[in-house]
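What follows is a set of structures to go through.
Across the two complexes that follow, chain A remains constant while its partner is chain B and subsequently chain C.
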Partner chain A sequence: MSSHPAFDVAELAAGVVLAGAVLALWRKDLRALIPILALQGAALSALAAVLAVSDGNLGLGVVAGVVLLAKGGVVPGLLARVVRADPGSRETAPLVNVPASLVAAGALVVLSYLVAGRITALAPDRLTRLVPLGLATVLVGFFVLVTRRKAVSQIVGLLLVDNGIALVAFLLTAGVPLLVELGASFDLLLVVAMLQVLATTIRARFGHVDLDQLRELHD
Partner chain B sequence: MLLVAIVCVPLAAGLFGAVLPWRRPVGWTMVAANATVFGLGIATAAHATHRHVTSGLDGALRADALSAFMVVVIGVIALLASVQSIRYLEVEIASGEHGARHASRYTFLVQVFVACMLAAVLSANLGAVWVAVEATTIATTFLVGHRGSDKALEASWKYVLICSVGIALAFLGTVLVYFAALHAPGHPRGASVLDWTSLMSASHHLDPGVMRLAMALIVLGYGTKVGLAPLHSWLPDAHSQAPAPVSALMSGVLLAVAFYALLRFKAVADGALGLEFTRMLLVIVGLVSLLVAASLLLTQRDLKRMFAYSSIEHMGLIALGAAAGTTLAIAAVLLHILGHGLAKAVLFLASGEVLVVEGTSEIERVPALLARRPLLGGILGFGLVALLGLPPFSLFVSELGMIRGEVAVGLGWAAALSLAAMAVIFVAVMTRGRHLLLGGRDGTPSATSRLVGIPLVGGLVACAFFGLSAWPLQSLLDAAARVVVR
Partner chain C sequence: MTLVLTSLAAASPGFAVRVGTSVLQVAVVAVAGPLLLGLMAKVRARAEGRVGPPVGQVLADLRKLVRKEAVRAEHTSVVASLAPLVLVASAMVATALTPLVTTHPVLAGGADVFVVVYLLLMGSVALALDGLDAGTAFGGMGSSRAMTIGAISEPALLVAILALAVQARTSNLPAIVTATLAHPGWVASPQRLLALVALVVVVIAETGRIPVDNPSTHLELTMVHEAMVLEHGGPDLALVTAGEAMRLALLLGLVANLFLPWGIDSSGSGGALLVGLVVLGAKLAVLAGLVALVEVSTAKLRLFRVPELLAGGFVLAVVAVTTGLVTR
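And now, the complex of A and B:
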């Protein structure tokens, strides 16, 4: 169904998305995470665009535009506002240190290849073979959510999960039906916007956005 | 047309509330809109009982018996909660805590929230169901943080983050189901692949390997919104920090709406995998949720947190009932959704009134309510009796039905474990309840506002009525259960 340039773009996009997730684990400077996410968004949009051209699918072309606007522009922009609200913020004390995190990321990639076996078996082609990279991004995003305590890092974890899922969706089914895709993008935008408002309010109230120090509600 | 009206009427009332300054008539408009939803829901249900499917908006909306039943549940609890919202907002404005603009925002968000839940249960496309369920998270986040305290802020952060991540997993599961459906032999392509009817007709041809992974993600993902372990930790915080009418809606129906999505996917997966796989998943999350609820209920000192953990308990029971998966068990699950929704909504609304008149919802500091405030204490007392699954309330009947279903399919051991957890919870709740109602302090009795008394007593009477009489629900429950049982 797809011609060769589509495969090349797909391989590059999948590589960029997973590499971005691993970079997010590595960099402690939270400002550096914003261009990484913007690049992931652009890669996903490019993937949708080549699939749209090679399949002659107009709806998917619209999705490519929406993804570029949302994941490539608005979402990183909102994240930049959270970072600006808390200048000089660094992920100083993650629950798992950086070298160990990178080893864990390697293990998660292996795990994704194991899990994805059943998926690739159903439709073995060059696109579905890249699905493990998307699953690995989802798992690394989860890892970031569990081990990092800054508000910005947690939002980044959520976005990595989301980008990984978007990658899997494009690779497997050339995206979900148009209306569902648009609804999902809109939902994501609103969620990130709300997280930005909440993080800014928390910062104004407590003077920090370190979630380890928000512990009033524990049993 | 009917289905479009069901979604749009509460939305219109919300817009009305957003543009007009808050006054009591605005509140009554909200009540009228939710009463309309309830009425239209009953009309749809009467139609659906005879296996007639109503559809609308070129087939995008679809109401079989299961959807119609959920509309009725959402309608009745939204009705109770909106009457109490008037009281809540008036007290809030009178105390000077927040102004009228805050009240307008509240009205708008609550009505959008109700409309999103209705859209979720009426969408024909399971992808659209996902979009609507995620939209409920968006509508409720600022409602959880409505009071603006530090705790409320922390609760809303946890709520939106954990629920968004959880529901993202459900989206991945939905993508995998879509992938499996596209590769099902002889299956038509196109935008309608994720429609309920086409998924059900293709379900026997879906690839089992992909469906197993998809179902695990869906149980984990929608399970987060249901409040099932392991991603349940947002629930006690959000339900205890939100304003009481919002807690009533979240606990009483939102959890059930997420479970509705799970039931639909379960039916699709059962076609591809047989009953065993999803049964195992549901038994695990159900039992772990019961364990979590039982161990943490023992230490709760706050009324609303106690009710929140009790919601985790009841969702665990429902998961076990759904695991059994027979028509009888699913009908009992649905009756339990209604009974728990009514009882929990009444209790959350009553605890909101406790907070208003006593200034705290800490159980230690509000003893002997029965002597001091007979009507409010009585409502809380009967509500607790209903929640613990004692007759005459419908939760007794539905718990019995679910346990019978579990024993019939060889899940007797799980039923026994759930009974043990329920016994621990019984003792924990009774100890707190005794202090709350009887306590050690005497006082002169004072009256309770009629705005509070009439709807709450009505909710309890309804809950007892469905426990005593099979009419008028039995045929609807049967028809609804058959939608998701093969």
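And now, the complex of A and C:
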């Protein structure tokens, strides 16, 4: 890791992932979230590819391909199908309104800098300094998970958490082993595929996918 | 004034050249502003399948308005006659300070982010007072709306540029542009990316374009800027329109040069100046075309949802500054 283009790509990728997380919190239109997730996936894949080239690590190159395929293509594609099939899930009804959640996101970013600053101080270099961005993405993803009601929005939150974890993994350990990444990507794929089936079933039963209204038991 | 300038020119050689380039910048922006408005109207019309007015239409309108007799509403005070002048003058001073064509504008030492943003704010406040002056319902409504939007967008503008200032470790605009030229890698940094998204939102709000304000409407429920200038006609209206057009060109040029400064004149030679001029024109035309295309494809936001949009921009700007402070 010495060449400058690699650092530049890493900085850009980390910026895209965090900006995407804040944008996902900002936009209420679920259709607008899918390109954001696809872009995040592409940025993570580019980061892995650059690390693979600069380290000469073939396994990491394969991981880059898997990430691009799963997070940049298949998962956003499946989500797009869910959103298209359900016109009612286009607008999310967050528990916390948008300006307040944006302020919360700002606070979470500051918090992640305070916390991750101590971790990165152990081995300061240009890559580990970007770790707070990944942690902030994880926190913003959790925030989306707890404040959004629609099933699709919650999946978006889960995907944000996963992208944040992947970013931290690439930055700190120069990539996760191929087997782990394959497993994680497959898990994610399975979750989104299950959501698609589940959302279709829920809608067929109740006519909506608002999880807040699923508290009572029905026969 | 001439005496002061000549004595200053004698004191520091090259000063006369810098005054010349700053005057050139103001002249370019004064002409480019109305042309950009015309270009945006043309792009919108073409995208909607209409032929649209010629690009020079706004300039022709301005020429027509200047020749007309100055008519003011009955109960207006001195504010109505001064406000258009303050708007244009503040825009001109801000333009003279900002690195648009050259990185060495006159008084570059004073070309601070805060100075430029507050000069722009001065113009906004003058226009808001102007809207209130005639005492009509529309004018006051427009002013109150413009101030509601401005109260969030001005700090966001400041904070977004501060994210770049933190990176360059100076709040001097020409110095930020020069530092970016020296470090091309900065363009891809996370704080720049976040600040860029914030700035785009803020510039759209500041220049009164869709989705914040619709410049081509006179519907009382939606208009913001048009409501404020409703009482003006003739030379006053020409001044207000020219001032707003200059602010548009200035803000678009500032965004272009802060994020992609290449092509700007940094040596002060005649050839580089010419290149800077042509490149600035190209950047402005491309940005204005993009803004116009966004306008065609989006609907205007409800007024109550505008603060939500701007709050998003503001938070992105704050996140950009935080990122910049920690990763520098």
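Here is the rule we use: the second predicted complex is superposed on the first by the 211 of 219 C-alpha atoms of A that agree within 3 Å, B and C clash if a C-alpha of one lies under 4 Å from a C-alpha of the other, contacts with A are read in each partner's own complex, and residues count from 1 in each chain.
Criterion: a contact is a pair of C-beta atoms (placed from the backbone, for glycine too) under 8 Å apart; a residue touches a chain by one contact, two chains touch by 3 or more.
Since the structure is predicted, the reported quantities are computational estimates derived from the model, not experimental observations.
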Chain A as common anchor, with chain B and chain C clashing or fitting: fit
Following superposition on chain A: angle at chain A, chain B versus chain C, Cα, nearest 10°: 160
Greater chain A contact set [chain C / chain B]: B
Partner chain(s) touched by A:14 [first = chain B, second = chain C, both, neither]: second
Touched partner set for A:121, first chain B, second chain C, both or neither: first
Touched partner set for A:96, first chain B, second chain C, both or neither: neither
First, second, both or neither for A:129, with chain B first and chain C second: second
Contacts of A:111 with chain B and chain C, given as first, second, both or neither: neither
Chain B versus chain C as contact partner of A:69, first or second or both or neither: neither
Shortest span in Å between Cα atoms of chain B and of chain C, once chain A is used as the common reference: 19
Set of chain A residues, in rising order, touched by both chain B and chain C: none
Residues on chain A engaged by chain C in the complex (per definition of touch): 4, 7-9, 11-12, 14-16, 18-19, 22-23, 26, 97-99, 102-103, 105-106, 109-110, 113, 117, 129-130, 132-133, 136
List of chain B residues in touch with chain A within their complex: 125, 127-128, 130-131, 134-135, 137-138, 141-142, 145, 150-151, 153-158, 160-161, 164-165, 168-169, 171-172, 174-176, 178-180, 182-183, 191, 193-194, 207, 209-210, 212-213, 236-237, 241, 296, 299-300
Touching residues on chain A, where the partner in the complex is chain B: 115, 118-119, 121-123, 138, 142, 145, 151, 154-155, 157-158, 161-162, 165, 168-169, 172-173, 176-180, 183-184, 187, 190-191, 194-195, 198-199, 201-202, 205-206, 211, 214, 216-217, 219
Chain A-touching residues of chain C, taken from the complex the two chains share: 185, 188-194, 197, 307-308, 311-312, 315-316, 318-319, 322-323, 326-327
